[in-house]
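The following blocks contain the structures, represented as structure tokens.
One chain, chain A, appears in both complexes that follow, with chain B as partner in the first and chain C in the second.
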Partner chain A sequence: MKQAQMKMGENIAILLIFFIILGIVIIFYGVFTFGEIKETQREQFEKEAIRVALVTTYLPELACTDDNHIVENCFDIKKVLILEDLINNNNEYFLLYQNEFKNSKVSFDVIFPEAQTNITIYDRPPANFTDMIPTFIPVAIRDPTRLFGQQYSFGILTVGVYR
Partner chain B sequence: MSRKAQMEMIGIALVIVLLIIGLGFFISRSLEPSEDVHGIYERKQLAQNTLDVLIKTRSNCRNLDMVTLLEDCGKNEAIGGTISCNGPNSCGYLRREINFILNNTLAIRKFPYVFEAYTYDELNPILLSETRDTIGGINCTLQNIDDIMVKTETPGIQPIPLYPGTLNLKLYICTGMY
Partner chain C sequence: MTVKRHSSKKAQITLQFNWVFAIIIGAVILSFFVVVIQKQRKSSDLDLANNLLSDMDLILAGQTVSVGREDLMEIPKREIKFDCEEYSIMDMTRQKGNSIIFSPMTFESDRMLAWTLSWDLPFKIGNFIYLTTPDIKYYLVHTGNVDTPMSVGEYIINNFPENLKLREVEFGGMSIIPDDDNQIRMIYLGIAPGSVPPNLISARNQDVSALYIDVDPMDLEAFDRSDLQFYVKDGGLFRKQTHPDIADPYPAFGKESVFGAMFVNDIELYHCTMIRALKRMAIVAHVYNRRATAMQNDPLTPSSCIDYYDEIFDNFIYEDSDESNLGGFQGDVFGAEDYAWTTNRAAILASCSTLY
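Our next item is the complex of A and B:
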């Protein structure tokens, strides 16, 4: 009887140790997985910021054109001002661009040689946002109404994605 | 110790060894620095785009574009350029305005940078613009980049032919220290 009790006690001790080890492993795995999920979410957010930045950079409706050739990294200021007016004063256009830009802010800053000005063409912050990743892209801002050779200003396109 | 007890001890030791290996694997994976996808994309396009746009930009020196002033400064470096810009000549004007543009685009957005324009000697440039920002206590300067003390993203490069020679523009964005 005493030997059976000892055997039982031994088995209980082994099971206890086993469950303690199992508990530690589960806690550790949970913490690790939670960290991985947060990391994946951050990466997805960063990729979304890059996607919106790329979409904006290659918007054909804003690009400078020379004889039907698109000039890279160049935005026509007249087109930018028209699009700003359309998006901010026409809900239909706002909804159209919402599909592309989602919760983000797209703005141009003219830095040089004119006095610094800001043109925000789209801004849709979510109700409660905690973070924003801005992407800064130096761009040429072209005013086609100026004389040839004097058309380009230095600007910055800022695409911020809200989270 | 009985043979059975010995076997049990070996079993427990094996389980503990396996657990330690497993935990070590998890820890090593979680300690790996995560890739800054957005930062890499942003810094890579930033340096080259800045130079591409800079040379196209119209100046307020006789409405000439920057590339014309850069050519004049590169060809006539010894006298500071031949084009007069309401006071300073082209080199002096470029020094002031490039500093202004880069400070208002890069430095203000916390991108420490080094800009240089040189013809022959990279360490003795005609035009040089540096931020005063430090990275880990080390200044982002041309000398520190050359001494491999500061890490940079791939630089923006823009050569301007001078006939004869070439004026090379380079823009480094500092990312950290070695």
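Our next item is the complex of A and C:
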């Protein structure tokens, strides 16, 4: 009887230890997975920043065009100002570009030869964001009304993705 | 004696109880691991779907900026479904955003082809992205003369993605089309579909579809403005797809939109995609209109150039009311296209900044 009780107690002890070890393994796995999830989230935000920057650079309604040929890394200042006005003052346009830009900020700064104030084409921060990942792209900014040889300025396109 | 018998009975019960206890605990542990494995498997599938969708986002972004690009990619074999506004793998969806994507409603393959064409009318509006798989077989059904230079057939054959192997079949010779387990897309050029090819009658209705491009096969210039009709297989015949709110026949807005119709096997999906494209055209036209006005009013604009900067893009601006008369809108667009091209050329010749 006592022997049987001891045996039973042994079995229970073994099972207890087994479940404790299992619990520890699960906790470690959970911590590891949580770290992986954070890393994946960070990667997703970086991919999103690249995507928005890529799309912005090649929008025909922003890019410099010469007889329908898009000039790479060049933005037409007239188009930039028009799109800024349309998106920021017309809800319909804002919603259309929200499909593309989502929770991000797209802005231009003309830095040389004449420094101009920041032109923010689109800005939609989410209600509770903790950070913004900016991507800076040096670009040429062209004013088509100026004389040939004086049309271009240097600028920075900033694409920031909120998280 | 009694004590001995009593002890023996107890021992037997204890032994049996031990075994039962061990079996129960074993079963509990086993089922715990089975549940964990199943959950892990599901999580892994969702992870795969999420990664694939995430990669597709980047692929589409890359395709959006590259022109004439044809990419054949290996992907995990999962069913990809396309909707008007989104695409999905398993239960995970992604918004198309402002991308204009022409694709079948669904396909499942380990290879995906992404192809891009620039949509210009005549100013660049954006890129059309075509998504499909080489597992879908495409047949161009014609009445002959596809080898004639500058014919529509020759143009389609020469410009179709290389990785898709467009097979051409003369209308009278459709018995050579083999029975196939894959999806089949028949493209009828200059002749309307009637009966389903004999070897495809037993195929599933949802696997076979047809597009009729109503255009003179020898008039390449008219290809841009073709009329399109969508057909689905219904037993041994092709039945035209119609919808009370969708134009019939459907007017094409450029060669790129005709190629788009070759890949989309549903008229509602095609219509939805084209409406998104036309709305995009309206935005770009609106920007160009205002740019022209801004340049006209800018004191730095040379006086010799002012006359060129007029709001010539009005007819490109699609409105919801145009949906009920797409044919008329098509005429307006192509008329305006010629005028915009001519005016832009004149501005270039006068050494003025271009309108687009």
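As a working rule, the second predicted complex is superposed on the first by the 162 of 163 C-alpha atoms of A that agree within 3 Å, B and C clash if a C-alpha of one lies under 4 Å from a C-alpha of the other, contacts with A are read in each partner's own complex, and residues count from 1 in each chain.
Here is the rule we go by: a contact is a pair of C-beta atoms (placed from the backbone, for glycine too) under 8 Å apart; a residue touches a chain by one contact, two chains touch by 3 or more.
Nothing here was measured: the structure is a model prediction, and the numbers come from that model.
Undergrad: So, on chain A, is it clash or fit between chain B and chain C?
TA: Aligned on chain A, chain B and chain C fit with no clash.
Undergrad: Could you look at A:L96 and tell me whether it touches chain B, chain C, both or neither (first, second, both, neither)?
TA: second
Undergrad: For A:P144, is the partner it touches chain B (first), chain C (second), both, or none of the two (neither)?
TA: Only chain C is touched by A:P144; chain B is not.
Undergrad: Is A:K7 in contact with chain B, with chain C, with both, or with neither (first, second, both, neither)?
TA: second
Undergrad: Is A:N128 contacted by the first partner chain B, the second partner chain C, both or neither?
TA: Once the two structures are laid over each other on A, A:N128 reaches no partner at all.
Undergrad: Figure out whether A:E39 sits in contact with chain B (first) or chain C (second), or with both, or with neither.
TA: In the superposed model, A:E39 contacts chain B only, not chain C.
Undergrad: Examine A:Q116 and indicate which partner it touches, taking first as chain B and second as chain C; both and neither are also allowed.
TA: In the superposition, A:Q116 contacts chain B only.
Undergrad: Just to be sure I read the superposition right, which of the two partners does A:T65 touch: chain B = first, chain C = second, or both, or neither?
TA: Only chain C; A:T65 stays clear of chain B.
Undergrad: Using the touch definition from the top, say if A:D76 reaches chain B (first), chain C (second), both or neither.
TA: Once the two structures are laid over each other on A, A:D76 reaches chain C alone.
Undergrad: Output check: A:K47 vs chain B and chain C. Expected answer is one of first, second, both, neither. What do you get?
TA: Both: A:K47 reaches chain B and chain C.
Undergrad: Give me, in Å and rounded to a whole number, the least C-alpha distance separating chain B from chain C in the superposition.
TA: After superposing on chain A, chain B and chain C come no closer than 12 Å at C-alpha.
Undergrad: Quick check on my understanding: which residues of chain A belong to both its chain B contact set and its chain C contact set?
TA: 47, 50, 146-147
Undergrad: Inside the complex, what are the residues of chain C that reach chain A?
TA: Result: residues 7, 10-11, 14, 18, 21-22, 25, 29, 54, 57-58, 61-62, 64-65, 95-98, 120, 122-126, 279, 283-284, 286-287, 290-291, 294-295, 298, 300-301, 344, 348, 353-354, 356 of chain C touch chain A.
Undergrad: For chain A, which residues count as touching chain C in their complex?
TA: Residues in contact with chain C: 1, 4, 7-8, 11, 15, 18, 44, 47, 50-51, 54-55, 57-58, 60-61, 65-68, 70, 76, 78-79, 81-83, 86, 93, 96-97, 99-100, 143-147.
Undergrad: Applying the document's contact rule, which stretches of chain B touch chain A when the two form their complex?
TA: Chain B residues touching chain A: 12, 15, 19, 22-23, 26, 29-30, 34-38, 41-42, 45-46, 49-50, 52-54, 56-60, 63, 65, 97, 100-101, 104-105, 109, 111.
Undergrad: Considering the complex alone, what residue numbers of chain A touch chain B?
TA: Residue positions touching the partner: 17, 21, 25, 28-29, 32, 35-36, 39, 42-43, 46-47, 49-50, 53, 73, 111-113, 116, 133, 135-140, 146-147, 149-156.
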